[in-house]
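Dropping the structure in here first, questions after.
Read from first to last, the chains carry the letters A, B, C and D; within each, the first residue is number 1.
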């Protein structure tokens, strides 16, 4: 193994991006490079106490900043960009979650409007203890506290969309974006369809942890120091983001209603299984039907995200993308230690 | 501990039921009783080889037979029926899965009609090895096989509905029914809202295992020999079925679209958390948002089912329904061994 | 023309029904009969002033009473029941509409639960002037009034469901039920699939008028005096209710989500068009796509209802069900005058 | 009345736009100006016979071209752009409709994927007779023909989106876009929220007519010669496009699922009614519930569109946006004759 290029990407506040697409790259790297980067939290770091209401300290559309875009040399439309997460580490000893007026799964919103007034806007501060691997929940209206496992991931990872679109960073879709699935954690490789030369990768929205569905609208939001390894799979022909970790392959779908996100993710996983095993459509459908998992990403964003997940153990040794996940994971471990 | 009553319920074919509601009980038991019962598979045992197409050997509406109803003495509207699954054991050394015309998440159906012809109807036979704890998947159009873990559960468990309704056994709703969640496995206690005197419990649709979502429309379907322990929680005031195992409490929602099933299950779990912890609505919302899981039950039946799941570890020792799960699990273990 | 049999059906309060299915007939009639019947409003006549809040004066599940069932001789599963509405006339000089806690399209409900408190329950009384053909809207929090056209119809018309089901009268589905489409007005013939011998027709939920969607959850609710003519179409093989008036044929779909109700109604209308014109599937799809209408029934009930509507003028003279609509309309006009 | 400025906008093929947002204006005009413009059909004029399959003659993303953007002086974020359609006239004596693989309400699509193969791609050519006011449908697999009323409108009208987004012209959303509602016909004024200075109006996708829902995915598609009058309403604070004609005010919602599009449109119409009448929320809800219509726009695009429609007759003379519709209609009539 030759030593990979290692790049740093630590944007200033005015370098942050709020869309996928329509931006010049902050960094250009070769396939196989390691990138150490930092990301702000979804509030741009402006919510720092229970008195910092997001609707007062943040200004639309300057929400959910992402670090990037990063142009990866040689990435062309029709390829897949592979992004391996070698490390994701909270940058501070606190994190924050909130309700937000007209946002969340159980409240009147701009797209599911009701005649109710908005729910109360409330902020919860979490203590983050990286050494012990916990975040501490503290209730606001009682003295209830409980420690929850630290499980850092990035809610938002994506590339420039197709068709000259430029899409807000809070939207998940075929280009990735704000999928808010806890699966994008350390040790996972994310495969994204490339739509423009260089792919234009951007990353943000670090979460110390999150329940499936993100029902209140936000996770345990945190700035992160993150190390990724990127590569290009020529001609992969992806339609939707896929993921792989050491035990599972995963497909995603991000759309409304939620059953269509389920359909997209399952349909894609069935196709992927077919490619990897030689099964025909219905035999692959049957295998996924009995062996698959279907964790929810989010049910709060402008699109909802579902993940379809299959143990690699049922693939009888099929090699996924020529072993790129294992290759990038090896680079990542060498680098991060 | 006094010895519980032990009952047997092994219905003949013409005693099987195809609805929840509108039926006289086959058995009456006291709270705290153990019941050993047998259930047929969803095809009534009529699909026994790859040549037995369900649309030819089964006759609507005689699908998805359930064993029951069982009247539990003292159960009254407003109470909850607690059903602990002490054992669920495949009755045969084979099981079966199929596609079925106009049924499934990825095909034209009666409720999501398309202008396509129906998909091919195909049957898969599974070998079941209870000792080794596996079921064997065998492809139909290639020689691909793979062993999957045996994980038996009942897809269909419910009581008589409210409002004098009688509902097909293939429908999941507030009365339980065909929820098709793998969580109803050995060791789980299911809580069902009681709508009529005696509750009128019925059980069927055994699955050797199933992926989340049951995307092809059927699981690894099997006749089962099952042991349950039943009890009554007076005045529990449930709106939707809840579950509990040794590590999690769970709420369910069964409705379309899938996001509404998600909303129901999360909303119920938040309310349950509030009751157990004394948190207010928003503090409970926050805790569930960060600590909860949201496994999919089914996305194929007449209603879709979502489960919302919270680790009991975050409840700081709160006692759920006065410890009835632990109590029934103890009876179950004593009886089953 | 021979004189048709004429029947009266004016149930007492304790004869009212709250389900489709599971009831003995109140009346048996021959095909071709005229039936003069009376229906109570959806509140059972108990909301008579702005101070009669439905949640206080009504008791679940005794809501939305229907008059029937009526057994029609010779109707067998696979046939269609034709119900022509010869007259629908408000029985009183007032009508009523309300909000209702946890009911409506723009409020937290049992199936789209939010963390908001219920909206205010409010009652509006309408003056009904049959002679002038108007109902008068009067605001509750200002002195705003406006006259709206009287357009009486029945929100709820259906038969016993298939599969031994018994379904609450507030639910619309394949058996008809609470579709809440203004199309079921005087001069319309409704075709319902027959599931049990005699069909078991029941009718209720008169509306003096209603906007499309019934967004607040209730229409201008009124007791009605109604005259129908019933007949049987042997072997019609309907899957969903259809309607016909002098200018349009219409298909319905009642399910969630709303796009599936749209799909069902359009799919059925395309099939019906194909049968009537000899067009193939795609040519019928094209004709319906350019010439069809898609009025909303309700977006508030346990299922949502869409109607798909095609002008008979594009059918090039095709004869619908051998002219039964014209035949029954003739009987109706002769009788009602 | 002073004579308005009159502008011409007849873009060449390489001036056509395929997004809303991200483009420099082709034309700048003052408020009150008349613009005579031409638009290509959604296929860019490339489908000219039944043998021109769109998937072969068109190249993604060069579909659904729009003419524009047009910058309107003085339009600022927070304002509304008023666009009055004074004339919409088919440019040719033929028009075209098609199925398109993976597009439409009754077929497997990219967002509602099924395991079926795509439906047949088929083209229908329509004769257009502007003098007689008809388009002629001709079946492809039989000799069935029928004349349908000509009812020209623009399926796609919108402005640059908020938040620096650039959105494909086939997507309808809060910025307008591909709403595909027949209400945008001659005589209608469309109100669009302004998100960027100049608003950046663009128009395309002329339809000779269309059924509600556009179920096959395309209308009777035609190039158009269109005359509009534009104006600016300062501080209007719109969230979603609204429309007005001589008899109705209308709100729109474009999102999935369809019930959320319904909710948005009804919620907006209730708010508008409240502003115009002084009714409170629930009194306005009640009035809209009984007097409103809910025509479907499309159920095929990347978002679905619903319209909520209220007769101005129930507004008791309330003046809408200070009479701007009547003012622009007057200019339009003077100009078009």
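Criterion: a residue touches a chain if its C-beta (ideal position, glycine included) is under 8 Å from a C-beta of that chain, and two chains touch if they have at least 3 such contacts.
Because the structure is predicted, anything quoted here is derived from the model rather than measured.
Between subunit B and subunit D, the least number of touching-chain steps is 1.
Comparing the contact residues of subunit A and subunit B by number shows a mostly shared set, over half of all numbers used being common to the two copies.
Ranked by how far their CA centres sit from the centre of subunit C, the chains are topped by A. Counting C-beta pairs in contact across A-C and across A-D gives the higher total for A-D.
The mean-CA centres of subunit A and subunit B are about 33 angstrom from one another, to the nearest whole unit. Taking each chain's centre as the mean of its C-alpha atoms, subunit A lies 48 Å from subunit C.
Rounded to whole angstrom units, the spacing between the C-alpha centres of subunit A and subunit D is 35. In subunit C, the residues that touch at least two other chains are 106, 112-115, 119, 256-257, 263, 267, 270, 282, 285. Across the interface of their complex, subunit A is touched by residues 18-19, 21-22, 60-61, 110-115, 162-168, 239, 255-257, 260, 263-264, 267-268, 270, 281-282, 285 of subunit D. Residue ranges of subunit A in contact with subunit B, taken from their complex: 97, 99, 105-106, 119-120, 122, 124, 135, 137, 139-142, 144, 146, 148, 209-220, 256-259, 262-263, 266-267, 270, 277-280, 282-283, 285-296, 299, 304, 314, 316. For subunit B in complex with subunit D, the touching residues are 106-108, 112-117, 119, 257.
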